[in-house]
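Look at the two complexes coming up: chain A is in both, with chain B in one and chain C in the other.
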Partner chain A sequence: MIGRRVWVGLGSVAAVLLLWFGLTTATGFVSPGRFPSPADFWLSLNQIATRGYAGGGLAAHALQSVKLVVMGFVVAIATGVPLGLWMGWDRRAEAAINPIFLIIRPIPPLAWIPLAILWLGLGDGAKIMVIWFAAFVPSVINSFAGVRNIDRPIIEAAQMLGTPRWRLITEVIAPAAAPMIFTGLRLSLQASWTTLVAAELVGALAGIGFVLNMAQQDIYPGMILVGMVTVGVLGWATTYVLGLVERRALAWNVAGRD
Partner chain B sequence: MQPIPLRMSEKWAWGALGLFGFIGLWAALSAFGIVPRQFLPSPIDVLARFVHLLTNPFAGATLPQHLASSFQRYAYGVLLAAFIGVPLGLLMGWFRWLDDVVTPLFDGLRFIAPIAWVPFAALWFGVGIGGPILIIFAGAFPPCLINAYRGARFVEPRLIEAARMLGTGHLRMILEILLPAATPSIVSGLRVSAGLGWQSLVGAELIVAAAGVGFMMVQAQANVATPTVMAGMAAIGLVGMAIDVMLRQGEAWLRRRRGLQV
Partner chain C sequence: MGSIRFDKVDKVFGPASGGVKALDDINLEIGDKEFVAIVGPSGCGKTTCLRMVAGFEPPSAGIVSVNGKAVTEPGPDRAVVFQQFALFPWKSVRENIELGLRNKNLPKAERDGLVAGALRLMNLESHADAFPHQLSGGMQQRVAIARAYVLDPEVLLMDEPFGALDAQTRVVMQEELVRLARVNPRTVLFITHAVEEAVYLADRVAVMTRRPGRIKEVLDIRSVRQAESWDRHERIEDVMDLESFVHLRTQIWKSLREEKGAHGV
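== the complex of A and B ==
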């Protein structure tokens, strides 16, 4: 049986869609130059999906953006997680690296965009760099906290059984810190999207942010809305996929949490 | 797992080593020309430029003037988010039907990155003050709403029952029971909002503004004035840190007054 909550929710979404139609098409209260009508939105969606806009189809732009987010994200995990684990494990590493973090952390990832463009131009490299900055800090902090939260007896038991150092890291410490690491990843995924869209708006040759940028310059409200909705859908979809990966990787932990 | 703590002297020694190593590497890369100085100015260059910008204008204003116009927009955007988000969150925590109506819409909008509002901000407001405010609002609004809502939902049921038994109306229930009980949660939401708002501001100014630190940095980037870009980053970091420290102090003070764990 579908609950009352679902009906009210569907009702409110329908009401907003109706309001949208009413204000734009039916009464013309909001002029089409300010906000697109549902028909404009549909036409724009059709245009970008079939004929393409800003040098490519919707799928190509979306794929470009997803590719960059995934690449930046993977680089951030590959560098941030080992660093965080090391800092959690070794007080000296923590003492040496923390002050550098204190300097770099307050600078928002978005503020790196101009520098990234100066260094790497308008191509993919600059975007990967800023996404790396957005996702790197949460990866480090959460891996660090993950190690610090491991129960000491677990590590002592492994050491007592003569586990070599490498296996201790890969089979005891990393898995035990993994739930915390995933919490950090979920936080940084949204930040990665924000950063990517901003970077593509400032300067790019393809991608959803580039579509938004072109639509802004063409004063094309329908296409702006298409771009925004696509950003939302992609953000939601990647979060969903990360959730699936977490469920897969941490079956032992997630099962107990729900 | 807590490794054995270092002695204070050791901690300082390693900290100094890390810091000097980092700054030394940076200085060496630019001093020996491994990276062209035009793209990686030395730390001294950046510091000198920072001091220079304090009194000399770049892109139409000095650094403090740019910061002042950034901060004004920021304050408007965050205050607007707080004045709409907190009351709405409390109302959603009290009236179930409102929760059911707003939540699906809110969840749908939340996945759109605040920065994606930039084209509409430009379309509606040009490069005026409204555009950045809209984007800061989009960034700062969700934590205000979510924390007020959670704070109101997790009020001890006994308090609500007692108030209800005494015949408290909706308005007084929200103002005199839910609001005070939810205050710690609201304040930590405001702190998160302030941080996200500052981030959004930077993004907004990179694209739609004719003044502000972000605008200064984009202009510097177009002129390949790397030291100015880096000085702008430092200014943004310093102000962001100052905002965070002040709000943390405020939050700790409030929690102590309430007898909560700091």
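== the complex of A and C ==
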């Protein structure tokens, strides 16, 4: 059955590629100035991979973006998950923090970019800050909901066993909330990529977003597509790694195994 | 030692005035090593009685005490077996049983010995490293009972522990509990809505009224059990066939039925 799924997936990817070729190279229905043909794409990929573009090779740009995403993501979850757990566990903490959260939350993360650049310039710091703001929210909300949704008897069982406070948090509450926490982490990772590329588009000296920005100024559709595809592949790869971690961490969870 | 005492206990849910009165003037004493079952119509507050002894819920009036000390919070001297097992799904069977011992700061060697004993007692030795989701409901409840027993609690609180099990597993677990009570007698407060189960297991059965729950009568089972020597019979169905058993069961049934009839159910 899994084999069948894979074949169907490969089939639909092949169909999209064929459609692409058909609309560009084969019929000329979409002009090369609007959307690159497979050949344009290949040439652009070849150029950035071997000779470089926008001040560096593809690997260097990709590495720069991955580095910032990972750093911003780690900072965001290292602060967001504990805060969410705390708000879930302590009603007073929730009552105090939630109003602030409700005001800050509707501000789109991208709206922080000007302020971040003003404070920290075009370097890495501003981007990490913006990713932090964007990726923080889903981590907090899902960790919070994870704690609130724990079956009451699980907590009561731990209490009647005389479980001390710290052990209750690390061995009962955190694992019980873990499936929801991981949902938050996946959303945070997604938000990290979205905001990073946007931040790099606005102001950067390297990275995939910077490549996209330069390619737009050079009116270079082939390179734009290379940048987009690279973001897609990198986003998929980091999500895949997170999925591996999740499967290891939640091996006990039948529902999570799917 | 493990005695439980309800002294003029009321419980009101919601605001103190205008809330729902769940329990009204509960008075009950359970002696050391005595097995008392509470039966009653659903919603009568029998589980609330247990939860107050466990320390999960405070009484609105009156005092719930264990060994003469008022209950204020949950603790390992009052082990609870929950209807839905409430095992930690991320911990193996062994780790589930061991947690309470770790909380008591017992050294590793001592813990290992006690866990091994509990596993043997509940016939779980071959499942020590399994996770709860890999076990059947009956096996999971064995783990929960082992987790409670290993604490060597003064009282054991069982909240419809077999309510989530299928009929056959239920019978096996009931026989198992009788065996346990002989090997290792405890003070037990057992909540159930199954009348046969209560009569088969308990020394005394307390019958509760509908909400607001009151204790309507308390029947002495032990004297009948001893006089008619129920314990000669290994199997539950043989005990349930005895005239003395049927008589007690019918008596409780009628008492419960009056409760329902009074409200036109």
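Quick notes
Here is the rule we go by: the second predicted complex is superposed on the first by the 223 of 258 C-alpha atoms of A that agree within 3 Å, B and C clash if a C-alpha of one lies under 4 Å from a C-alpha of the other, contacts with A are read in each partner's own complex, and residues count from 1 in each chain.
In this text, a residue touches a chain if its C-beta (ideal position, glycine included) is under 8 Å from a C-beta of that chain, and two chains touch if they have at least 3 such contacts.
Everything numeric here is computed off the predicted structure, so don't read it as measured data.
Once both complexes are superposed on chain A, the partners chain B and chain C fit side by side without clashing. Once the two complexes are laid over each other on the shared chain, residue contacts for A:M160 go to chain C alone; chain B is not touched. With both complexes superposed, B is the one of chain B and chain C in contact with more chain A residues.
Touch criterion met: A:L118 reaches chain B, while chain C stays clear of it. After the chain A superposition, the centres of chain B and chain C are separated by 90° when viewed from the C-alpha centre of chain A, nearest 10. Once the two complexes are overlaid on the shared chain, A:E171 sits against chain C while remaining clear of chain B. By the document's definition of touching, of the two partners only chain B reaches A:V231; chain C does not.
When the two complexes are laid on top of each other via chain A, the two nearest Cα atoms from chain B and chain C are 11 angstrom apart. Once both structures are placed on chain A, chain A residues 151, 154 are touched by chain B and, in the other complex, by chain C. If you check the complex, the residues on chain A that touch chain B are 4-5, 8-13, 16, 34-35, 88-92, 95-100, 103, 106-115, 117-119, 147-152, 154-155, 173, 190, 193-194, 197-198, 201-202, 209, 212-213, 215-216, 219, 221, 224, 227-229, 231-233, 235-236, 239. Contact residues on chain C toward chain A in their complex (touch as defined above): 54-56, 73-76, 78-80, 82, 84, 86-91, 99-100, 102-104, 131, 133, 147, 151. Taken in their complex, chain B has these residues touching chain A: 1-6, 10-11, 14-19, 21-22, 39, 97, 100-105, 108-109, 111-120, 122-124, 198-199, 202-203, 206-207, 214, 217-218, 220-221, 224, 226, 229-230, 232-234, 236-238, 240-241, 244. Looking at the complex, you find that chain A touches chain C at residues 151, 153-154, 156-164, 167, 171-172, 175-176, 178, 252-254.
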